[in-house]
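Here it is: the structure, laid out below.
Chain nomenclature is as follows: A, B and C, assigned in order of appearance, with residue numbering initiated at 1 for each chain independently.
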């Protein structure tokens, strides 16, 4: 039993990596626009399906289409953001709540659309890397690492690094950080909140869609898959502390580990349950997240 | 709620009451029973959603908890329906306390997704446990009496409406709840304890849903995780309340009737396009937020009645126009 | 010597790297009006937040009527007799003026009908009775500031914390508010008032406490404080009304 431990850990970390990418955009969108995007799982689903159809039509490797999917959904997010903004700035007293209801409606509509267009079937995206695995043997230690999962992990690292670079080293990133700290002051300094928000949401949607492609290579996709991923994104972000980007990787890895442990040592059907119980306990003790740095 | 509205609602109740005498058609009775159920679900959702300002995207879980509790007590413990039903409500209420204490301390936004996640967890639980029959669900002893269920539903929803009207529009509790919705921080300075009030509101919202679930179980005689713990119960309750008008009792009432009527017609003619319905629901909610922030009720009762149920305007910073000094 | 109603001892408050309050100590005695002044950012509102339970001090103690209330929540303090207004007014925008005050009255009069009657009385006293059924969001700034006071009064407090209730009003409105404050004091209330408008503070306070950069730099009768060189220096660059 114990010899499975390293495998469980590796699996957990690899999966956790993917959760990081999903959660980062989600957390960013919250920090800048103060909306919780209920539809994040649906963007993943749409991205996955776009990748699927592109590979079906051209026969090329799924991973080739990552940039394409990103650009397409960057545009989608950029275009939708003003509508969200309009929904939020209505007369009603509570913008955050209204934004929530709006993205909830958006989620329903997109899922319905997905079911209508794609049906109830499951699919899998294929990549040359899908079938390969790396085997490690060292003094009693056996590890099977599917290359595609490793790729997903590398992908996650690249995204993290890119986002970090954008946020810390570019003017745009500076504007984003200013906006998330103090919207009014940022506006007074000439930062165009609307445009920046549109870009941020676009990036969030684009990255989520890209992650959908990766997920499609590792797991199966279906029009209904969105819900679980939205919840996972939410879990990671709440665990890390809402709006606290630095905590996301840790929370994501924790979640990945819990999931893989249940997969290998326990009963997989209880995974979501276990994850939820953990979240519940943490919320009970520390409402601001593991690092007590949430808003 | 003005005099005219009260008369209207009373009239509606009367119309429902004489329905079985007017129509012998069991189909009509069934449709009317279901309509009443949705009215109850929409109104109970609004207690926490519109009145308190906390969006519960797991409302369906309480419905399911009530349904399963009633079913389990009747089938596995041999309890009579009259005892199982209140037990269902009780379990739902307790569920609200358990779920609410950690989540209501947070801001409304996290609460929304936390409840959604919670409802999926409950559904997951029902799928894996043996006592709930897992994915196959549970069958209840058939009690084929459409009039009974119709009148039961009517009685329950009528009692609910009157109780909520009293609690939310007439008593001090209602004022406190609205204060929390408007400004939690400010309310604390006036001696109000937000968490306590929110939990009470949550229980007030969840218990009726549980009771309605219990009735549903006995009425339909079959429940499974997909039908009573799926997303549709929540989704529809939310649409009905938002579309009808948040923060009022009449809003969800009207919203429920309109949306349910639409759904019935839709299902009758477009049963092949069920998934289309989901899109329509989504568009309705999203559209309501943008175009109908006060719901249908707001549109109809636009004669500004001041504060009663009207949505809060953002306070203007500059005094508008003439003033009375002091 | 009148009993001490409020005692602030060595209160400090740190927000990350910022020391908003630094070892502040003073007392407020029964039926006094004590003014709290200082340049922008001096920590006045933070002090109010500490005293009214919205903020836990990093160090120090707050004693109310002889009991240690450091870190107690705002609703507990309200129940104990502390009422406050907010600098950025917090009306319950979607509710009527009467409903706003009724909510406050519920503290001492749990039954809604009784609370409503009490609220009407408070509205009379504060001159808002003619606007009882208007939505709170429809009031002018003066009205909303008046509503803040009304809500605090409806709590039947023994200590009233007024945060900038006069700022932003025209002279006539300001005078009427001052009248109201003095009337409240005459009925036995103890008042701690933060205000930017010098003539208001100097005219109605018996004593004045001056904060600058979180520290207490002066305390005493208004005339003394006005002549204090440290105070004058702190306000250099500030427009003294």
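The criterion applied here is as follows: a residue touches a chain if its C-beta (ideal position, glycine included) is under 8 Å from a C-beta of that chain, and two chains touch if they have at least 3 such contacts.
Computed from a prediction, not measured in an experiment: that's the story for all the values here.
Asker: Determine the groups of chains connected by touching when subunit B is not counted.
Answerer: A | C, once subunit B is excluded.
Asker: Report the most central chain, judged by the distance from each chain's C-alpha mean to the global C-alpha mean.
Answerer: Answer by centroid distance: B.
Asker: Indicate the whole-number Å distance between the mean C-alpha point of subunit B and the mean C-alpha point of subunit C.
Answerer: The mean C-alpha positions of subunit B and subunit C differ by 42 Å.
Asker: Roughly how far is subunit A from subunit B, going centre to centre by Cα mean, in whole Å?
Answerer: Computed value for the inter-centroid distance: 31 Å.
Asker: For subunit A versus subunit C, what separation do you get between their C-alpha means, in angstrom?
Answerer: The answer is 47 Å.
Asker: Which positions in subunit A are in touch with at least two other chains?
Answerer: 93, in rising order.
Asker: Check each residue of subunit C and list the ones that touch at least two other chains.
Answerer: If we look for residues of subunit C contacting two or more partner chains, we find 93-94.
Asker: Going by the touch rule set out above, which residues of subunit B reach two or more other chains?
Answerer: If we look for residues of subunit B contacting two or more partner chains, we find 182, 311-314.
Asker: Going by the contact rule set out above, which residues of subunit C touch subunit B in the complex?
Answerer: 52-54, 73-75, 78-79, 83-84, 86, 89-96, 99, 102-104, 106-107, 110-112, 115, 127, 130-131, 133-138, 140-144, 146, 151-152, 155, 172-173, 176-177
Asker: Under the definition above, what is the set of subunit B residues touching subunit A in their complex?
Answerer: 53, 55, 57, 101-103, 105-110, 112-114, 116-118, 120-121, 124-125, 127-128, 182, 231, 235, 238, 242, 273, 275-290, 293-294, 311-314
Asker: Tell me, which parts of subunit A touch subunit B in their complex?
Answerer: Residues 36, 38, 83, 86-87, 90-94, 96-98, 100-102, 104-113, 115-116, 227-228, 230-231, 234-235, 238, 242, 267, 269-270, 272-273, 276, 279-280, 283-284, 287, 295 of subunit A touch subunit B in their complex.
Asker: Inside the complex, what are the residues of subunit B that reach subunit C?
Answerer: Against subunit C, subunit B makes touches at 170-172, 175-176, 178-179, 181-183, 185-193, 247, 306-307, 310-320, 323-326.
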